[in-house]
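Heads up, the next two complexes both have subunit A, just with different partners, subunit B and then subunit C.
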Partner chain A sequence: MRFMLRRVAHAAFLIFGASILTFLFASLAPGDYFDEMRLNTQIAPETISALRARYQLDRPLPLRYLRWIDSVIQGDLGYSFSYNSPVRPLLWVRARNTFFLTLVATLLSWGLALPIGVRSAEYLGRFPDSLISWTMAALLVIPELSLALGLLLFAARSGWFPTGEMVSVDFSSLSLVHKLQDLVLHMTLPVLALVLTALPLLVRHVRAAIADVLDAPFMLAARGHGIPRHRLLYRYALPAAANPLISLFGFSIGALLSGSLLVEVVMGWPGLGPLLVEAILSRDLYLVIGGVLLSTLFLVIGNLIADLLLYWTDPRIHADLVAK
Partner chain B sequence: MNERRQLAKWLIVLGVLHGVIACAGFFAPYDPLEQDREHPYAPPMKLHLTDMQGHFHLRPFFYPFRVREGSVDQYDEDIARATPLIFFADRSAYRLLGLVPCRLHLFATSGERVFLVGTDGFGRDQLSRTLYGGQVSLLAGLLGAGITLFFGLGIGAAAGYYGGWRDEVLMRLSELFLALPWLYLLLGLRAFLPLAVSPLEAFLLIVIVIGMVGWARPARLIRGVVLSVKERDFVRAARGFGAPDGYLLLRHILPETSSVLLTQATILVPQYVLAEMTLSFLGLGVPQPLASWGNLLANLQQYSVLVSYWWMYLPAVAMVPFFLTYFGLSSALQEWATPHK
Partner chain C sequence: MSSEFMQPLIRVESVSKYYRHRRILSSGHIVHALNGVSLSIAPRSTLALVGESGSGKSTLALCLACLERPSSGKIWFGGRDIATLAENQMRAVRPQIQLIFQDPASSLNPRFTAFEIVTEPLVLQRRWKGRQTREQGFALLERVGLSAEMASRRVGEFSGGQKQRLAIARALSLEPKILILDEALSALDCSAQARITNLLLELQSSFALTYLFITHDLAMAAHIADEIAVMNRGRIVERGDPQKLLDSPEHEATRRLVAATPQSIITSRMLGA
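Presenting the complex of A and B:
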């Protein structure tokens, strides 16, 4: 219990720190909204200072931060100038799409990395392992941007996959099965781009972790007892190797989240990425702050889940706490 | 010994690749900004060695393109006007390595222009732009990595050496930076800086932004090294002789961090090249007309370009050998640093 509390406190600290950081970036940036007005000779300096006072821009930074964080906690993330609407509903729709994409990519890349890595470790240095290692090395040196653009090029030329957006225009008129099919087709490319970039690192770590465990005496003993191969690998080796992998799980969420930003822009997936880029280009600062904060929230929650998984799977953590 | 040879091999490959990009002016036949309005989106030209009569020519030649009747971007080879390549020819002036005024090009033509990998929408030579664009992208990566390592070294050394509350504060801060998704952080930081600036300012701006984002990981690694080194006997002996902190750090402790710094550099440079490309690709980095790998690829955001002009994809391929070499170098470095594994 104490472990969990400590992790939650740590997560809260990270979110709090991120909010200070984004606020600082925003406030310390050169120039504010009223600088442009100051150039206009028809507006009296008194008017501008009155406006500044009205929006409380003349207050000291900590005070402004407190007021801002107060409204954020109440769920008011500010107002988007270019969309002419509050930020929260805008972010909400996009965040859902990003979350969906990242979730599918995370599950799929781990679902692939585990069997591939285990197999690779089993045949360490021999045939399937050498092939897998080479493939992963090749994937590792192809940057995300090249990969995403390459996949898009492939889709555009072959015409097998729809490019851009999440669903087709006539989505609402389709039957449930066709809806699902449409969504899957639209998701294939972005998910593929994300999975292929994440995979090499994951496979390498799974392989290393399992290979370490396979050498352990208890594995030899288990093999001596004639426990079948599959059961040996997945019921004995994998749990023993799970510890570093679970930490990696938290990290991989962050990497996939960052990766999804780029992939979303390239593939036209209507997530946080394109929204954020548009917001930056149109200087829609509240939207930017909201987007950065929300992505941090995702990541911190992901890490928290990894921590809790660790707590759940590793009895040593229970034991440590009980001993204290 | 074997590790050392591996290391040397990768270093040579890396040197050659960087040399080609650094001497872009020599390898590029044209100035990257030079437009040819007669040839927008010309596809790559074919070099020939045998002509229509089947005669063999030692000097490679090409048939210049003529726009096909009634189209804007369809070209036919003009078989009547075979034009040979001229090697080591004096053409447009450039500065070698940005310093030495020079006119020599690896190859050039007289009269008709040759586009070995096609042109963009303004008829600018894609080969020249990719080479020059590499200069911008690689320089951004190298400078950004330099800035990151500088801050990482300073912060890591301070945290590890002084310990106490400084260590606590700096490490909490680094955890924060590690926790933020770095691309979002990068964009967030970029968002609050001016958008409409000159290409040079934009370049410096993004180099600084990229360099500032990634200090946390090297700082933590360097802190670890400093923590272990500062308790070693030779450091304690020097301290016993009354060596001041600055001397101890510079003379005894920081040299021990060099292998961590090197491995981190080989990891950071490709990552930062990619960061520059990402920013420029999104329109937040180096602006046109200056070429960088990122803003060259930005053309592909137009669907029609993506579908019809595959040679615009070239910069995405150009960086793969660089990534390969940097990854090879970093693993060779790691093996070299821990020989008995």
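Presenting the complex of A and C:
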């Protein structure tokens, strides 16, 4: 329990630190939302300075930060200039979509990486492993962007998959089964792009971790007891190899999340990605900060989950903490 | 106890094992780990297998325990040639021939408690159910000199000697006919060595066990074994009564081993035996 509290406190501190840095860097960038208005001769300079004063962009940085923190506590997360609305409702829908995409991609890539990696380690250096290793190496060298574009091209040429958005226009009029079908069709390409980019790294780590354990004498001893192959691999080798993999799990959430921002932009998935790009280009300060912070939050929570999983699955960490 | 007049429990006939070292471009070279080894062990006896490191002792142990398949040759056990069995049939034979390794710290699953380690083979083999498994588990721990309150401890909390006791208890849980001790005492200090040796001798008489005792320590071999076989470069080069082997070694490899063992230790161990 104390371990958990310490971890949660650690995560909260991390997010607080990230908020300061994000705010600082976003504010240090030259120019702001209203700079573009100056080019427009029809708007009087007095109007622009009045607007800047209204949004308090003329105040010193620490004061603006405090104001922003106040708005975070109230749940608004600041104010978007271009949407003319508090940031939270804007982010909320988008974040939900990104979270959904990342979650499915995470589950699917681990669901594939574990059996593939275990099989690869079992046949280390022989037939299935050599094929798997070459395939993964090939996937690893293809940049995420070209992969996503290639998939888009495939969708456009074949017409089998929709190329963009999350649901069809007539989504609300569909029956439940068709709704699900529609959603799955729209998700297939973005998820595929994410999974294919994440897979090589995961498979290689699983393979290495399992291969390490398979050589251990206790595995030999377990084989000597006549324990079946499948149980040996998944009940003995996998738990013994789990620790680095669970840490990798936390990391993979972050990797998939940052990957999803790019894939969303390319594939037109209505998540945080396109919103952030738009916000950055128009220097919509608080929207950028909110989006970045939300991504940080996902990442930190992912790592927190990994830490707790580690604590929960490894009896040795329990024992260590009790001893201390 | 002489093996000539008894039906051997396990008989190895000219077993060879090659390993191919593969390279990316060349076809690599072949390593002959075992080169036509023949030996037999009488029931309830102890055969010590001595030799320098790299002489093929451990490979032979793995072949006997059905964990490696020989490249050629036969291993007769229970009226069958176990060297050529299919994988799932091999799995059925494995419990009868148990291995104990040099380093108990790595041969025991670090995530299991002592009790789980001892009973896991039983549960998996579905020999017993629930309460019987519990009783059997505690009985095994007690048999090797570990108390009941140690049952819930994990591997890391045991000393080297206790870990090796645990490994022995685990091996015994499947009621094996043969116990292969691959340098099982080498990682222990002297007093633990002596206590485990006594335990092994005691277990041998109460469970009617047959031991294959693999070691590089000739004095230890002479103390525990009925017979000693000397291995060198994948072959058995000399075999015989411990006393005779020590007094008049014939092969060069044996002479080297005898020369490497201080005379005083040999005499004291022999007197002890």
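We adopt the following convention: the second predicted complex is superposed on the first by the 287 of 324 C-alpha atoms of A that agree within 3 Å, B and C clash if a C-alpha of one lies under 4 Å from a C-alpha of the other, contacts with A are read in each partner's own complex, and residues count from 1 in each chain.
Just so it is clear, a residue touches a chain if its C-beta (ideal position, glycine included) is under 8 Å from a C-beta of that chain, and two chains touch if they have at least 3 such contacts.
Bear in mind the structure is a predicted one, so any value in this text is a computation, not a measurement.
On the shared subunit subunit A, the superposed partners subunit B and subunit C are arranged side by side without overlap. In the overlay built on the shared chain, the residue A:His225 is in contact with subunit C alone; subunit B does not reach it. Of the two partner chains placed around the shared chain by superposition, subunit B is the only one that A:Leu14 touches, whereas subunit C remains out of contact. In the overlay built on the shared chain, the residue A:Leu149 is in contact with subunit B alone; subunit C does not reach it.
The larger set of touched subunit A residues comes from B, when the choice is between subunit B and subunit C. Of the two partner chains placed by the overlay, only subunit B lies in contact with A:Leu285; subunit C stays clear of it.
In the superposition on chain A, A:Ala216 makes contact with subunit C only, not with subunit B. Of the two partner chains placed by the overlay, only subunit B lies in contact with A:Thr296; subunit C stays clear of it.
In the overlay built on the shared chain, the residue A:Leu261 is in contact with subunit B alone; subunit C does not reach it. No C-alpha atom of subunit B lies closer than 11 Å to any C-alpha atom of subunit C in the overlay.
Those residues of subunit C whose C-beta lies close enough to touch subunit A in the complex are 22, 62, 65-67, 91-95, 97-99, 101, 103, 106-111, 120-121, 124-125, 154, 156, 167, 170, 174.
By the touch rule above, subunit B contacts subunit A in their complex via residues 172-173, 175-176, 179-185, 187-195, 270, 274, 277-278, 281-284, 294, 297, 300-301, 303, 306-307, 310, 313, 316-317, 319-320, 323-324, 327. Those residues of subunit A that touch subunit C in the complex are listed here as 125, 216-218, 220-228, 231, 236, 239-240, 314-316, 319.
Considering their complex, residues 13-14, 17-18, 21-22, 25-26, 28-31, 137, 140-146, 149-150, 152-153, 156-157, 163-164, 254, 257-259, 261-262, 265-266, 276-277, 279-281, 283, 285, 288-289, 291-292, 295-296, 298-300, 303 of subunit A touch subunit B.
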